[in-house]
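Scroll down for the structure; my scribbles are underneath it.
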Amino acid sequence: MFSVTVRDHMMVAHSFHGEVFGPARRLHGATFVVDATFHRPELDADGIVVDMGRAATELHAVLGAFTYRNLDEEPDFKGVNTSTEFLAKVVADRLAERVRAGGLGEGARGLAKISVTLHESHVAWASYERPL
Amino acid sequence: MFSVTVRDHMMVAHSFHGEVFGPARRLHGATFVVDATFHRPELDADGIVVDMGRAATELHAVLGAFTYRNLDEEPDFKGVNTSTEFLAKVVADRLAERVRAGGLGEGARGLAKISVTLHESHVAWASYERPL
Amino acid sequence: MFSVTVRDHMMVAHSFHGEVFGPARRLHGATFVVDATFHRPELDADGIVVDMGRAATELHAVLGAFTYRNLDEEPDFKGVNTSTEFLAKVVADRLAERVRAGGLGEGARGLAKISVTLHESHVAWASYERPL
Amino acid sequence: MFSVTVRDHMMVAHSFHGEVFGPARRLHGATFVVDATFHRPELDADGIVVDMGRAATELHAVLGAFTYRNLDEEPDFKGVNTSTEFLAKVVADRLAERVRAGGLGEGARGLAKISVTLHESHVAWASYERPL
Amino acid sequence: MFSVTVRDHMMVAHSFHGEVFGPARRLHGATFVVDATFHRPELDADGIVVDMGRAATELHAVLGAFTYRNLDEEPDFKGVNTSTEFLAKVVADRLAERVRAGGLGEGARGLAKISVTLHESHVAWASYERPL
Amino acid sequence: MFSVTVRDHMMVAHSFHGEVFGPARRLHGATFVVDATFHRPELDADGIVVDMGRAATELHAVLGAFTYRNLDEEPDFKGVNTSTEFLAKVVADRLAERVRAGGLGEGARGLAKISVTLHESHVAWASYERPL
């Protein structure tokens, strides 16, 4: 199995609800350094998993909907905890939609799965992996 | 599949026995930067894999039994090589016991597996992964 | 010249005012990974620059006043832009006060300067350095 | 499952053919920071996955065939795109041959798979994983 | 003293002349991860050292003249060794010209010096620092 | 001012004496990731600060006297605390001797200073800088 990963980041505000979150129930924020990994069993005709440049462009577009925003005010996230692991899934799902819509090119049709890791600090990160 | 990782470290002395270890048969030491990863197929009711704060606390407690110690003198490690990969398993097994004992909360009952990576330097690391 | 550095982090929300900030004028957030460096020309009687454990504790206490907070609502930061470089100075100044108050021990009287670096992402950081 | 990883690097020139590569069709170069991971279900009699020293030596030997070279002029790569993911496979395959030839010792017979990651920058990397 | 750093990268081919370079006299290549640091004694009216967005844009423009190129064929580098330390100076000098030309805004007039670090691998890097 | 840095590491056991060290008075150990930086005002005739290969070789030789050893039993360190900052000075001083003895080549005569950083974990490091 082959994979290719591109890294970008987003800076957001948010707060959590639920006792488990302690002081993180206050409005605070995070820089998420985001790694998006594209997996496929064989390389395409150009000898690649996916066009890295397009992968980076699509990841940047997905993160553009979050960055410099307060996630508590985003209609998409009404009533949910925008935990690091939850956001990893949202990013992975939105990348999957873009792959299906052709945003990563025809060659990307051969992709088998996507994994996304969000690093919230130098000592904590979360991931989500899904098939395509 | 979702996962959450927390990072901590421990500083230990030890030595190895067996020709394969060469100069590492002398008493020496290591800083192990330790990444503990908790996996589960679905998020819990709070929208998380596990309480990151509790995960960090439990990992710190597990590492507390090793740090600032000479592993050659620990009864638990009598006659074994405390290699990086061996220690990864010990940390993973001890975390698994704590999950079962409720140390990571009731929500942690849904965890599927644990992986632990010990970085012994900027150019070498080892991992162990086990089901829960 | 000797120095010792300890690393910790804080997660905050804030917004900026001024055209130069573009979309960062919206309420957003950041994880700041914070490196505090203590400099002195000679080691103390114990052979150290400063007690690393106490340095880490004091840094953690200083960051505790920021983390999981919205800096726009902190009276101390009324009307100022809490830019990464500005916050580096605030952290350095607060550490300097703690050194003077004896929080890092008597040995810390020999410290010559403090530098603080705040990493706001994997591609951007800011620093401030001041004498003691 | 256990694993052990060793890191090294190589510095090469190359160019790509195919429209998808845009400006990377010009002769350019890359530093590849290479992580080679060896996996096995149980530790050997010495309590290790593989002799880390030998693993590092073998990886260094494999990379020695590439480093300080122009891959466009290597007969092995005639007419192929030496993409990061393609090179990850070449390194993994050559390590697998060395394992089979006994270069990592008799104990390495128990290895189950090899994964290789090539980091081409701080924001992009690629991997290949294969059974042994 | 305050500073702000932005990071980017470039991928180039080149070769060296002179016995000291050994195998690096062959045509090879490198990824340079580039950190550009801007220093000033006081913050400007917006509370910053320099507009980080503009700093990143200017650095990217400077690196654009190198990336995906063979430096042996660039007229600017005829007969010189494009060592990592030499390139750090070229990047710093070109950034200084852009500061003087107003590319980083009027506020950047207060900058005191620029430092540039080029990382050629995980185990080697070089820097150049100059006044403005 | 130019500089060049090379990175290597060493793994040692040691213990400390003095109340300030708390549990670190027990025999324990550390991996020190070591960065040695060589500074000079102008490049030499080959366009470099120092031959990076030789710098790496000399650093490796200096660290070879420590690695896989118990520093408590080294005659050179009788009665001193081998703190991270103290060891940074020892490494810098030994590199300075090698420069003077010609180990880094004739060109290295132009070096102005050496700095050495020892990283003892992902959250703590220490440095020493001296003229040549």
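Letters A, B, C, D, E and F mark the chains as written, and numbering starts fresh at 1 in each.
Everything below uses one rule, namely that a contact is a pair of C-beta atoms (placed from the backbone, for glycine too) under 8 Å apart; a residue touches a chain by one contact, two chains touch by 3 or more.
Bear in mind that the values here come from a model prediction, so they are computed numbers and not experimental data.
Counting only chains that touch, the fewest steps needed to get from subunit B to subunit C is 2. On superposing C-alpha atoms, the copy subunit C sits rotated by 120° relative to subunit E, to the nearest 5.
Where the sister copies subunit B and subunit F meet, the same residue numbers recur on both sides for over half of the interface positions. Placing every chain at the mean of its C-alpha atoms, the farthest one from subunit F is found to be A.
Comparing mean CA positions across the assembly, the chain most remote from subunit D is C. Taking each chain's centre as the mean of its C-alpha atoms, subunit C lies 41 Å from subunit D. Averaging Cα coordinates per chain places subunit E and subunit F 27 Å apart. Multi-chain contact residues of subunit B, defined as those touching 2 or more other chains: 7, 122-123. If you check the complex, the residues on subunit B that touch subunit A are 1-8, 43, 46-49, 51-53, 56, 105, 107. Only residues 18, 20-22, 80-81, 83-86, 88-89, 122-129 of subunit B touch subunit D when the two sit together in their complex. Across the interface of their complex, subunit C is touched by residues 7, 9, 11-14, 23-24, 26-33, 67-70, 120-123 of subunit A.
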